[in-house]
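Here come two complexes built around subunit A, the first alongside subunit B, the second alongside subunit C.
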Partner chain A sequence: MIALFVTFFSAVVLLFLGLNKKESNYSIFAAISLFVSAGLSWACSANLISFGLLESWVPANMMSFGKEQHLFSALLAFIVGLIILMFRKNEFVGNDQLGLMMFSLCGAYMMVSYQHLVMLFLGIEVLSIPLFVLAGASKTNLASNEASLKYFLMGAFSTGIFLLGTAFIYGGTGSLELEMMGIKPSFMHAMQGMPLPVLINAGIVLMSVGLLFKVAAAPFHFWAPDVYEGSPNRTTLFMATVVKIAAFVAFYRFLNTFAGIADAWKGWISILGAMTILWGNLAALNQSSVKRTLAFSSIAHAGYLVMFLLMADGTNTWILWFYGLAYALASVLVFSIANQLSVSTGKNDFSAFNGLAKRSPFVGVALVIGVLSMAGIPVSAGFNAKFYLFSFAWQHMPWLVGLGLLGSAISVGYYFKFFKHAFMQESEDASPVLDRGLLLLLSALILLLGAMPWAVLNGIF
Partner chain B sequence: MSILNIFNQVEISHYIYLSTVLFAIGLFGVLFRRNAIILLMCIELMLNAVNLLFTAFSSYMGDADGQIFVFFIMVVAAAEAAVGLAILVLVYRNTRKTDVSFLDQLKG
Partner chain C sequence: MEVIIIPILASIAVMALGKKNQIWLSALLSMLPLVFVAQFFNRVGVDGGWKTLFDQPWISDNIRFTTGFDGLTGILLLLTNILVLVIILGGIRNDEHRVKITALTLFMQGALNGVFMAQDGLMFYIFWELALIPIYFITLTMSGVNAFKITLRFFIYTFVGSLAMLASLIYLFLHTANYSFAFEALRAVELSHTESIFVGGGILLAFLVKIPVLPFHSWQADTYTNTPAAGTMLLSGIMLKMGLYGLLRWFLPLAPESIEFYQPWVIGLSVAGVLYGALIAIRQKDMKRLVAFSSLSHVGLIAAGIFTLTLEGLEGSVIQLFVHGINVVGLFLVIELIERSTGTRMLRELGGLAKNNRLFMIFFMLIALGTVAVPFTNGFPGELLLLKSLYAYRPNLSLLAGLTIIFCAVYVFRMVQFSMFGEGKGEVASLKWNEILAFGIITFFILGLGFMPQMLIDIVHNSIVQIGQWVSEARGVMS
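Our next item is the complex of A and B:
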């Protein structure tokens, strides 16, 4: 709750600071307020401080603020802070856009802490509506326009499907509260021979489809590569990390409510997960654009995370948290390098990376660390995240874990393209201008989480 | 006989069928029409079908939650339509078209 409060009011302050100024850029202020939100949230999760009065304003059946919710809020605020710091010198960074990004983050907070489907719906919309605008931030660029319109149409369409599911669940279970919703179907399931009402089944399917659109899982991912490619890089990164993590947490909490009738949804969701893993990885293999490759890689990562949904028993949320952190750190690192390279060379395909290791060895090493973490090679955060995820999922669905390992093996094929161009090709282009302090911080964090994850996880959970 | 009784004589299943049909009309409209304005109207139709269903359930169960939800859906739909039309104006300025067939610039 405190994160929501701090982020919202700093976004309002940012908008006022930018009033009547055409070129205003208070990125540092935005980043600091986000890190403060993250810090306060973390302190709340560790019971160092508490904001009971503030939290008592929100009815307990609307939003809940437990340890888990505080930790996910802290994670999301931290990621957005990093994104804003990394892209602070980029074009299209005005106070209005920083404000929109922070309002969107408020929606993500709501999605991780909802207890009532009204709050989930509002969270999704508060998250999405600023993003429709941010996707079209580059106003005269036709690709950005297209991304914006496509994202808007897909977002509104998936909201409609999601809402129909909500209405069916309301009719079937008689409640919109997360805690009450699951009771009736679980009870009916426990009584042998009582089939689930069509309304509840259809409701679960439709709501899941709405959420699968948001996480870009196959076959509801078709919008993602286009939108990711056309949007400004900062927005793409926001969509690939924050939106995905928040939607997965929301999805997980929703499915966890129906853990009593897991047979009704486990089968088809695991098939969609398998499809997502294969589709994402195979399609990424023959892309020439860097952003499209990263978009398909983020689809593949969504596929791995579907495994997490299938072992929803309410105790393993730290796996999702850790995977989200590892994936976001690597994404921020790789995306920001790719962004700078495409700005300095004017190319959008892999040839922008040509000769990077020779031009600027430091950035080359950071790229290696980021890409290895995305691919899940040992001594990187990504490896540990995948290791925990796969080893816990093994007991539940070994075949899906096998597919996940196959997918990871395929993914090395396209991650290797980065190395091929950075180390084996020559180029005359100028070296990119990047913030070395931040690159060092991100690389160090990835290696730290790779070398001794327990030092971090024990401190937090 | 009051008007409320007439409503209650219609079975809930009829409301479910009606809403589902309305929703399906909106859904197919989104899938098959090419004009962005029509797409927006079809999305509104989908949301209004949901509103109708929520109200019907709410009335049959004697629970106010569903009707409150409808207000939220209306507010959000209005905000969404505002942003959507703004995006459409942006696109129109650059392409002089409201047809979504220009949406094929980005290809892998």
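Our next item is the complex of A and C:
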């Protein structure tokens, strides 16, 4: 709650600050307020401080603020803070964009802490509507306009389907509250011979379709590559990390209510996960554009995270938290290097990376760390995240874990293209990469999470 | 612990020093872990079992950073650190990549020490993968049309094998009593026959790709040929031994139920590899490629020896993996020096190199004799033991594998003859102090182990007997 509060008010302040001075850049202010939100949320989760009064404003059956919710809010705020910090120089259009991104983040907070499906719906809408604008933020760029329209249409569709699912769930269970939803079906489950209402299963399917659209899992991923490629880099990164993590948390909490009662979804969701892993990884192999490659790689990561949904027993959220953090750190690192290179060379394909290692060795090292973490190779945060995920998912769906390992092997084929261009090709372009300090800080974080994950996790959870 | 951390810090130091760094400094840095290894031998000794030196929770409470030491580990630590010293002394060319390759070699030293000391399954896997990263970036400095394809094929081959091993280890991990990756816990898992075939197969695949045994060898020759010398030496001298070490240390104790099933396949493929490698080596024109195939032939024999499961086979394999590391690095060093001076390593374009550089010729000849396994050089005792163990398994196979001694003499002496003798077509520059030192270390081991092979056997004997016991407990019989 405190994160929602701080983020919302600093977003409002940002909008007003931007009114008078159109050209001024308040990124640092935005980033600091986000880090403060993250810090306060974390402090709440560790019971160092508490904002009971603030939280009592919201009825407990609408949104709840337990330890998990605080930690996920902190994670999301931290990621957005990093994104804004890393992209503070390029693509600057106005403070309204920063404000919109932070409003969108407020939606993400609601998605991770909802207790009532109406709040989930509101959260999704609050998350999506600013994103429609942000996707089309570079107004003169046709691809960006296309991305905005596509995202809007797809978002509208998925929302409609999602709402229908919500209605079905209400029909089947008689409640929209997470705590109450499970009661009626489990009661019927206990009375042997009473079949579950079809409405429940149909509702789960429809709501899952809506959420799978948001996380861009196959076969609802077709919008993703175009939208990711067309949107400004900052927005793409936001969609690939924050939206995905928030949607997965929401998805997990929703399915968690029905775990042990209506388990039919486990089968088809794992098949969709397998499709996503294969599709994302195979399609990424033949891309020449860096952004498109990363878009498909993020689809593949969504596929791995589907495994996480299958172990819905309420105790494993730390795995998603860690995976989200590892994935977001690596994405921010690689994306911001790609962004700076594409600005300085004017190219969008891999040749922008030519000769990077020679030109600025430290950025080369940072790129190596980021890409290896994305590919899940030890000692990096990505490896530990994948290890936790895979070893826990094994008990639920061993064959999906096998496919996940296969997917990791395939992913090497496109991730290592970065190395081909950065280490083997020469380039006449000599413009240096900015932000060395931040890049090194990010890679140090990735290595820290890779070298001593348990110590870090114990400190946080 | 120290032998893992120090080289990694040293590699960062070398990176930071950049071009100011001299050979003697990096050589000293790479020698530091040797001091600790000597101390391990002194303090821990090789008489008891596999003793734990350092233990700390790592990935979770029961997935720990555990390092251990015994004779087998000791031999491989010695091999790794001595060879890294040799590589740093002689193997790194003074060009634009020198700093990078030196740093990566030191990094690799740390990772390899981690592989050999790991007592925890996941730690073993992590260091196994970590060792792949520096060598991959060393291979990335190669040039040529297909360079990236070659490096990618190398990486994906080994990575797929490693992932199979990871899957097997996770399977075992989930069946342990308290979700632990500790060696003893993994070993205690009882598997059904079918399970053990899958689990053992996964672990085996990682090692067979790395060794490489016949159908998994196609990454080898191209990678060896095109990589800068330091990378080739690391690959053939040490990384290969990771696979053999893995067979002894992890495959045999963890999945002994599956040995029965895989034994004929692995021995058959290894012996096929012995002959195939040797026959192809005879026809090679490029010296590096020749040694690459000869390496395929030699390690095939070692893998076959391990799978005979006899005491001679297991001990012979340890001796031979040490000796092969020394010899093959010596050969690659010779080739590297020839290429540095003459600019070519094609046998047709070489000749008469012995005329002006007698010292170089003596070193080359000694290494060649060691490779051919002439008595009183280091190659002989190991090869004898391996062939003897193979004879105990199937006499016919031993005859076939024994042909390799003849073939080996053919291709090695052909290489010596075409490059060193005949009409003079170039000169090898006189050796510098660091190169003489590198050759000195290698010759010391060639002659020393030739006269006193028992030294190695004494070190590993206890570990091997222990492994043999575990295998025989699981199988009921141990010949």
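Details
FYI, the second predicted complex is superposed on the first by the 456 of 461 C-alpha atoms of A that agree within 3 Å, B and C clash if a C-alpha of one lies under 4 Å from a C-alpha of the other, contacts with A are read in each partner's own complex, and residues count from 1 in each chain.
Going forward, contacts are C-beta pairs under 8 Å (C-beta built on N, C-alpha and C of every residue); 3 or more make two chains touch, one makes a residue touch a chain.
Quick caveat, the model's predicted, so the values are computed rather than measured.
In this overlay on subunit A, subunit B fits alongside subunit C without clashing.
In the superposed pair of complexes, A:140 makes contact with subunit B only, with no contact to subunit C.
Once the two complexes are laid over each other on the shared chain, residue contacts for A:29 go to neither subunit B nor subunit C.
By the document's definition of touching, neither partner reaches A:461: not subunit B, not subunit C. Legend: residue contacts after superposition of the two complexes on their common chain; A:118 is shown touching subunit B, with no touch to subunit C. When the two structures are aligned on the shared chain, A:51 is found in touch with neither subunit B nor subunit C. Once chain A of one complex is fitted onto chain A of the other, the partner contacts of A:8 are absent, as it touches neither subunit B nor subunit C. In the superposition on chain A, contact of A:318 is made with neither subunit B nor subunit C.
Note on subunit A: of its two partners subunit C and subunit B, the one contacting more of its residues is B. Of the two partner chains, subunit C is the only one touched by A:409; subunit B is not. Remark: least CA distance from subunit B to subunit C after fitting both complexes onto chain A is 23 Å.
Those residues of subunit C whose C-beta lies close enough to touch subunit A in the complex are 57-61, 63, 122, 125-127, 129-130, 132-133, 137, 140-141, 143, 147-148, 152, 155-156, 159-160, 163-164, 166-167, 170-171, 173-174. Put simply, subunit A touches subunit B in their complex at residues 117-118, 121-122, 125, 129, 132-133, 136, 139-140, 142-143, 145-150, 152-153, 156-157, 159-161, 163-164, 166-168, 170-171, 174-176, 199, 225-226, 229-230, 283, 286-287, 289, 292.
Put simply, subunit B touches subunit A in their complex at residues 12, 16, 19-20, 23, 26-27, 30, 36, 39-40, 43, 46-47, 49-50, 53-54, 57-58, 61, 63, 65-66, 68-69, 72-73, 76, 79-80, 83-84, 86-88, 90-91, 94-95, 100, 102-103, 105-106, 108.
By the touch criterion given at the top, residues 368, 372, 377-379, 383-384, 387, 390-391, 394-395, 401-402, 405-406, 408-409, 412-413, 416, 419-420, 423-424, 452-454 of subunit A touch subunit C in their complex.
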